[in-house]
Amino acid sequence: MDLVVFVCAAAMVLVGAVGVIVRNHPVHAALSLVLTLFGVAVLFILQEAEFLAAVQVIVYSGAIVVLFLFVIMLLGVDKAENLQIEPIPVQRPLAVVVGGGLLAMLVTAIVQARDSVPTGVGAGIDLATQTGDSDSNIKQIATDLFGDRVFAFELLSVLLIVAVIGTVVLSRKPDKVGGPQ
Amino acid sequence: MTALLAALPVPTTTWYLVLAALLFTIGAVGVMVRRNPLVMFMCIELMLNAVNLSFVSLAKQLGDIGGQTTVLFVMVVAAAEVVVGLGIVVAVMRRRPNATADDLVELKG
Amino acid sequence: MSPDTFTPPAVGWFALSPLLVLLGGGLLLMVLGALLPRWPRGLYAAFTATTAGTALVMSFVLWDDITDKGASTLVGGAIAFDGFAMFATIAICASVILATLVTDDYLRREEMDGPEVYVLYLMTAIGGIVMASAHDLIVLFLGLEVLSLAMYVLAASHRRRISSQESGLKYFVLGGFSSAFFLYGVALLYGGTGSTNFDGIIAAFNGSVLTDRRDALVLAGVALMIVGLSFKIAAVPFQFWTPDVYQGAPTPVTAFLASVGKVAAFGALLRVLVTALPMWRDDWRPAIWVLAVLTVVIGSTLAVVQTNVKRMLAYSSISHAGFILVAVEAAGHTAGETDPGLGVSSALLYLLLYSVLVIGTFAVVTLVGRTGDSDTGLDGMRGLGRSHPALALGMTVLLLAQAGVPLTSGFIAKFGVLQAAIEERSYAIAIIAMVASVIAAFLYLRIMISMWVAEPEAGDDAREQIRVPFSTGLAVALSVGFTLLVGFFPDWLVEASKHATAVVTSTP
Amino acid sequence: MLDLVWLIPALPLLGFLLILVFGRRLGDPKAGYLATAMVGGAFAVTVAVFFDMLSKTAEERAHVATLFQWVPVGSLQVDLAFLADPLSITMCLFVTGIGALIHLYAVGYMHGDPRFSKFFLYLNLFVFSMLMLVLGENLLVTFLGWEGVGTCSYFLISFWHERESAATAGKKAFVTNRVGDWGVMIAMFLAFQAVGTLSYGGINAAAESGALSQTTATAIAMMLFVGACGKSAQLPLYIWLPDAMEGPTPVSALIHAATMVTAGVFLMTRVNPVLAVAAEWAPTLIAIVGVTTALFAATIAVAQTDIKKVLAYSTVSQLGFMFLAVGSGAYVAAIFHMITHAFFKALLFLGSGSVIHGMHHEQDMRRMGALRKLMPVTAITFIIGWLAIAGVPPFSGFWSKDEILLYAFDKSPILYVVGLVTALLTAYYMTRQVIMVFYGKARWHDAHDEHGAHGDFEPHESPKIMLLPLVVLAGLSIVGGAMQLPFSDRLHFLGHWLEPVVEFGEADIYGGWGYQNKYLLLGVAAVIALLGIAASVAVYGKHKAKPVEPAILENAWYYDRGISNFMGGPGRRGFTAVAWFDAHVVDGAVNGVGRLVRGSAGVVRKAQSGYVRQYASAIGVGVVLLLVWFVVIRGIL
Amino acid sequence: MSFPILTSLVLVPAVGALAVAVASNRRPEWIKLIAVLVSVFTGALAIWTVASFETADPGFQFVSKHPWIQQWGISWHVGVDGISLFMVLLTAILFPLVILGTDPHHDHKRYLAWLLLLEAGMMGSFLSLDLFLFFVFFEIVLVPMYFLIGGWGYDDRVYAATKFFLYTMVGSAFMLVGIIATAVLASSNGVGYVTFDLVEIAEKATFAASTGRWLFFAFALAFAVKVPLFPLHTWLPDAHTQAPTGGSVILAGVMLKLGTYGLLRFGLYLFPEAARWSRPLFLTLAVIGIIYGAIAATMQKDLKRLVAYSSVAHLGFIVLGTFALTTQAITGSVMQMVNHGVSTGALFLLVGMIYERRHTRQIAELGGIQKVAPIFAAAFMVVMLSSIGVPGLNGFVGEYLILIGSFLTARWWTVVAAAGVILAALYLLWAYQRVFHGEPDEHNRTFPELRLKEAAILLPFIGIIVFTGVYPKPMLDRIEPSVKALIAHVSDKTGYEEPAIPEAPQTNEGAQP
């Protein structure tokens, strides 16, 4: 059963990913991205990360991709880029070589270490079945989040502040001077 | 039928990791071959998703919730990145409409 | 594992005070800046400088606290509270102050005055400090992102110069790209060790079955993390963004990048390699060796053929990075041992001294660059010795310091690094680095020549007059003074740097 | 009294300093008189010392007067000290004596020269250096004088430095001498290493006591001989002397005839014990070189037309005789001939100077003739000098030359024969000169053609101040032989006088066939001389035969020219090659490095294309490489 | 604690430089006055040092030692012995003369400031007894010299200055590594703790042969560039030719000595074994330098360049003597350092005067000057003769000592080197003939005679030249003990035996006083 789901999800992911890099039109690329994101979400569920799956769908597909599309429309940069021609010489072959090498190395590492990944280091995740508590996953995440990781969590806020200020700085009209009113 | 399904092998962590590696590679290649900055961002998003996928599957394997929390962080980071990135693109595009990454080669040498 | 048993970790508020001050100051500046009408000239900068100054003072206090009570980790082992962290904090806060002084007049000159840039400075500082004091890879990554995002924005913040935005975009794309690698590395390491926390990593590989056999997953993780950080420190071949960004970004921001960015990135690199991955030091030291040699050689060599001062200095910063990598390599010999050796301390010393130097240098470039950073070419420097002898003299001192001439801080920095390397018997890399730094000296000589020797040409007088505002002048004066002070009396600083060791997780 | 020996060089030095300071104010002729007075004073002191020494026994005659430590370093202890002994005093006597005369002569000769006082400045400095040379107690002090006289001769040869030829001649003289000096230096080093001192006393003592090994002794002797060849113009280093005639005639007389050029002979005599213990071939070689030079120069002199060139080559030839003597162990004879030669050669030079003076600086003998009526004194004195050098008894030259031949015969008849031939030639070319200058028909009138400058003029006799020295020297040339008469041992005044110095090295010829039949040899010598004269008279006086003056002799066997051609040709090319090598290879390498750095930078920077995607792929490459290292090399292998 | 005279020798010029730098530009004559006073005062201090120097004492005198960078075991350690004494004196005498005697034509203030700074650096390098301290000064002197050449030099000055700076820096790059390595290794080879103190390391540390050789070469490379030793000499002609007169005088007079001095003080003293082991190499290079430099000099068309190449030859002699390792040779080397400084310095001054008058250094364009300016020619002649090494002048004594000393341990090298004496006469006399002899053409006919001011500058040079040549004893007496001590140090570190010279036999002549 898992296998079937996995295969389907993997297919979604990969097809979407390939779509992102081969579709000439940015909008199409964005849409294929959505496909990938959904596939990843499915795989999350398969990995008992229900909460993350939800967030994935909401944040990514919901917010980020929409943002992408929005900007595309805003700037009207929906001009298709011609992927047939490659202005920079040896860029594509290089990309292929690099990609191949990267993949080879990563897979080698993963396969070589397939049974060396320690198990049961933490308290375990699969608690819904044990405690019968349907939202144990969320609770667990929350405890972790506000436990030892609270510092990181607070850092996120700094990150968001930066993002906000950043957009303010960047989006001001060139001639306008002074702070935002 | 169910028996058949049950007989199928259960995908191990390694499967997920390999899939993530694939996804990551595709994203990386994308950054190298695409010229539209927006699409480049999307490719970076792909890479981040690959990372998330690995995290989640490793979290499962390790039985450690920390992996999932990390993914949460990464998602926020990704969002923030996109916001800033798009901001920059907007700023650029305002000056140079329809500019691709290859058009921005004033600085070199 | 249920809510009632939940106990939040102890937060050493006092120990976090520098961060809190910076954060509070930043927020206040942002909010007030947004709410109140335009502040009188220079007040934004003054406020920022004061904030950073307060943080600086706090960290001095904490420094003594550490030297008395010893190092520890905070907030559930999220970040380290040790000399290393404080030294980096001091360096970063100092850089922020100097950079602010430079920025103040620049913003007005470029008609982009406002609080945002300063807020970003402060946030960047937070990110940098977190990176340099992280004790958990995720925390480190978040710090990295805070720093990076702020810097992307800063680089692109000059709205009149397309090159500024170009540099911002390049920086962003490549930055995101490389931080994805870093994150992937974290993930793989997490898979190999079951933790992203340094203590966890160390623990996982002591007593556990994995120590005595190689683990490709972890190694791949290490490799990818090195990639991510090498990008930030601009090590060859991950340096390509540096010249473009340094040249494109507004000059004060370049100064900020070169100082805070380097400190944070190297702090993170040292944390990761020395504190978190001592067991793999035999694996990563050769890689660092190669990176160091490539960086120092290529950085110096490419600097020779440049004609734009900002670009020259960008390459010189690359070669400096290579020099610091030499120290990292030296630290690799003794990583994880109770006697840390000189590697880490010399690297930190170098970072502090270089930050001050480079801000001073770019401060002069800011002034000579004239409105819109239009005149950052080598010719812009022509005749400076005649028109502004004092400024030119200061620049000369700073350049000589970068070239590593004795009686300047630059020499002390180089000396420390060389000593560290030689203590570990890495003679080859020491000699390579020195020879490369001779090559780099050529570019400083070129700048000096155009300031002092070059014959004036027609139209030189037509150029915009160079104005030396108080704040920028102060920044230059401070950095020159510091350069010379340390050049003549480095003892106290050297001693301090020796206390600036990272908290070590005791390895049984 | 002997302690006053330092006064001898001090006075000329004082003169030098005085002229240096007041020279211009004194001017012409006072400066000249001052200089003369100084040298004269030195002469007086020398005479006083001489008589003081006479009053002492032979053992006490050697006396060292130390002024101060000069170069004291570790085991090397060199003092600035003078050694007053018969040899040095003898030298001083004729150096100062003749020097004084020539100074006096020069006052007249240089009259009206714009650099009059400077001339005497140099002249005094020269006398000082020469006295240092002969009085030196050790090789280093001698070397000081040795180089000093060289430098002064450089100054004086190129005294009229506006003349290209004069400047070049001076340079040539200095450099050639330096070649010899190199030998002297090496000799000193050897001596120091072997004996631990540079003082003659020490070295000679070591030689006499046998402490000096034969090899070292030979080496030292030979190296000193190299120096002597340079100074005393022997083959192969004689080339500078003929050119040195570019200098004013008094200079030629003083430096290049009487004093400096004899320094080599003096030096060899000084260290005669070393030469004595040296290998047998060493003195033989010296003798051969000497006699060869003598013959070689004589042949050249036969065909010269410049009045001074003839004398120059004859000087070289006579010096050859002296080295023949040294080589044959006849040190006394060498010194004897040195003195007589100093007399008559100085006389001849001054005479020629007087002629040149009278002829308005015409030096070509073909434009002279029949001058004896116009300049009687000059003529008579010159003729006396001629008879002396030609070896006509009883003039001084006869006795000294004969004694040398006597020893030469004892060493080897071949040397003797060659010596005789040389003597014959000497008589021949000197006679030729006398005839061309003073006899025959006056030829200076038909000088219009090229020398329009000075066409119609009457050669005139020189002023008294110039004639006086001529007369004195003529007298000396006549009686000079009395110093050492062969007839009986009692008459060997010079021999007995010099005995303490040379007794160890002096060869013993008593009992040899030649000594037994010395009167026979005397006769032969006299006959030879007369033969030469007769032949010359026949050719140039009576025009019985055509003169034999082949171009090869006129051009000095092309030896000098050959060397100059080599220097100007291959030598110069070699030097240029080195300079080129330095500029293009050594320095080229340096600049090449710079260019290499720039070039490689130019190539590498192309990677910095500005395309962000390319940067990304560069990062990718880096990633892959790192992964290869970590995963494959470290992880799996 | 007596008066820290050596420290003030360094500080006085430094402070003077500062004073000049801050002085107002409106009163140039005041600036000049300050500079002159400072340099003269320094000279006085140096003379005082020489006067109160303990002649027979071979060790370091007036030592003052204060901790500087304790963390690295570095201290301000200065002292003077017979070897450095006259270097200091030379420096202190040359600088006032240069400041008085040369005219930069523009930016007097900066020119003087740099000169004084240079003096301080020079003093420091000759006085420091701490490796780090020495390196600091050794390196810092590049900066003023670089600016002097670049700022006040002739047409090709930028190229020359840059070449000079970088070339020397490459050398010192290796030396810095060597210095640190020395200190680090010494701490584990006898010293026991990390210190950069020259004396402590030299006395306590004993390196393995191979280590010592590597370290020695790291040092020697820097010094060889500075000397300069063939084939590392090509920066020198350019630097000398392009530098302003003052720069050339200092460069040739003092700076080159840093190399030879360093070889003595740091090469022989620190690494006796390695120095002995590498003798053949250095002797050969030195001899090549002597002959090669002379030949190259002969062919130069530029008078200044010719003098520069002559320096290559002369410095060759000094290196020869250094590595001959005998009392006479090394004493001669030390003395020759001073002599060369004086005579070549004077030569450069004279060439500078010629340039001031004729605005050319091309030998071909000069000629017949002796006729129109005899006194000038005479001065040139004296200096030239001292450079040729004519006895009675200073050049001879040093050269002679070097040769006679080297002959004992390096016979054949010496025989060849002595031939260099011939060449020296050749190229200098030839140049002299072309410049001063002959009939002056219309450009040279108006060549002005030596001026009083110039004469006043040259007189001290000529005085030293003659005095040292006639009576070198005072100098030798002070140099010799330290040299002996150095050789003794080499001996008991390596078992080297200085060749024994037989006792001078009692002379039979002149036995009575």
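As written, the chains take the letters A, B, C, D and E, and residue 1 is the first residue of each chain.
In this section, contacts are C-beta pairs under 8 Å (C-beta built on N, C-alpha and C of every residue); 3 or more make two chains touch, one makes a residue touch a chain.
Values in this document were obtained by computation on a predicted structure and should not be read as measured data.
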Compute the shortest path length in steps from subunit D to subunit E over the network of touching chains. 1
If you apply the touch rule, which chains end up adjacent to both subunit B and subunit E? C, D
Best-connected chain pair, where connection means C-beta pairs in contact: A-B
Which chain, with its centre taken as the mean C-alpha position, is closest to the global C-alpha centre? E
Can you check how far apart subunit A and subunit E are, centre to centre, with Cα atoms defining each centre and the answer in Å? 70
Euclidean distance of C-alpha centroids - subunit C vs subunit E, Å: 44
When the centre of a chain is set as the mean of its C-alpha atoms, what distance in Å lies between subunit C and subunit D? 78
Mind checking the centre-to-centre distance between subunit B and subunit C? Centres are C-alpha means, answer in whole Å. 28
Taking each residue of subunit D in turn, which ones touch at least two of the other chains? 605, 608-614, 616-617, 620-621, 623, 627, 631, 635-636
At which residue positions does subunit A touch at least two other chains? 88, 91, 94-95, 98-99, 102, 105-106, 108-110, 112, 117-118, 121-123, 140, 149, 152, 156, 159, 162-163, 166, 170
Note the residues in subunit C that touch 2 or more other chains, in rising order. 138, 142, 145, 149, 152-153, 156, 159, 169-170, 173, 177, 181, 188, 191, 194-195, 215-216, 219-220, 243-244
Go through the chains and record each pair that touches. A-B, A-C, A-D, B-C, B-D, C-D, C-E, D-E
Where on subunit D does subunit E make contact in their complex? 62-64, 66, 68-77, 81, 83, 85, 115, 118, 137, 140, 143-144, 146-148, 151, 154, 158, 161-162, 164, 167-168, 170-171, 174-175, 178-179, 181-182, 185-186, 188-190, 192-197, 199-202, 204-206, 208-209, 211, 575-576, 578-579, 582, 586-587, 590
Subunit A-facing residues of subunit C, complex: 1-3, 6-9, 11, 23, 26-27, 30, 33-34, 38, 74-79, 111-117, 119-120, 123, 126-127, 130, 136, 138-139, 142-143, 145-146, 149-150, 152-153, 156-157, 159-160, 188, 191-195, 197, 204, 208, 210, 213, 215-220
Subunit B partner contacts - residues on subunit A that touch it in the complex: 1-4, 6, 10, 13-14, 17-18, 20-21, 26, 29-30, 33, 36-37, 40, 43-44, 47-49, 51-52, 55-56, 59-60, 63-64, 67-68, 71-72, 74-77, 79, 81, 83, 86-88, 91-92, 94-96, 98-99, 102-103, 106-107, 110-111, 114, 117-126, 137, 140-141, 144-145, 149, 152-153, 156, 159-160, 162-163, 166-167, 170-171
In the complex with subunit A, residue positions of subunit B that touch it: 5-6, 8-19, 21-30, 32-36, 38-39, 41-43, 45-46, 49, 52-53, 56-66, 68-69, 71-73, 75-80, 82-84, 86-91, 93, 97-98, 100, 102
Would you pull the subunit D residues touching subunit A in the complex into a rising list? 609, 611, 613-614, 617, 620-621, 623-624, 627-628, 631-632, 635-636
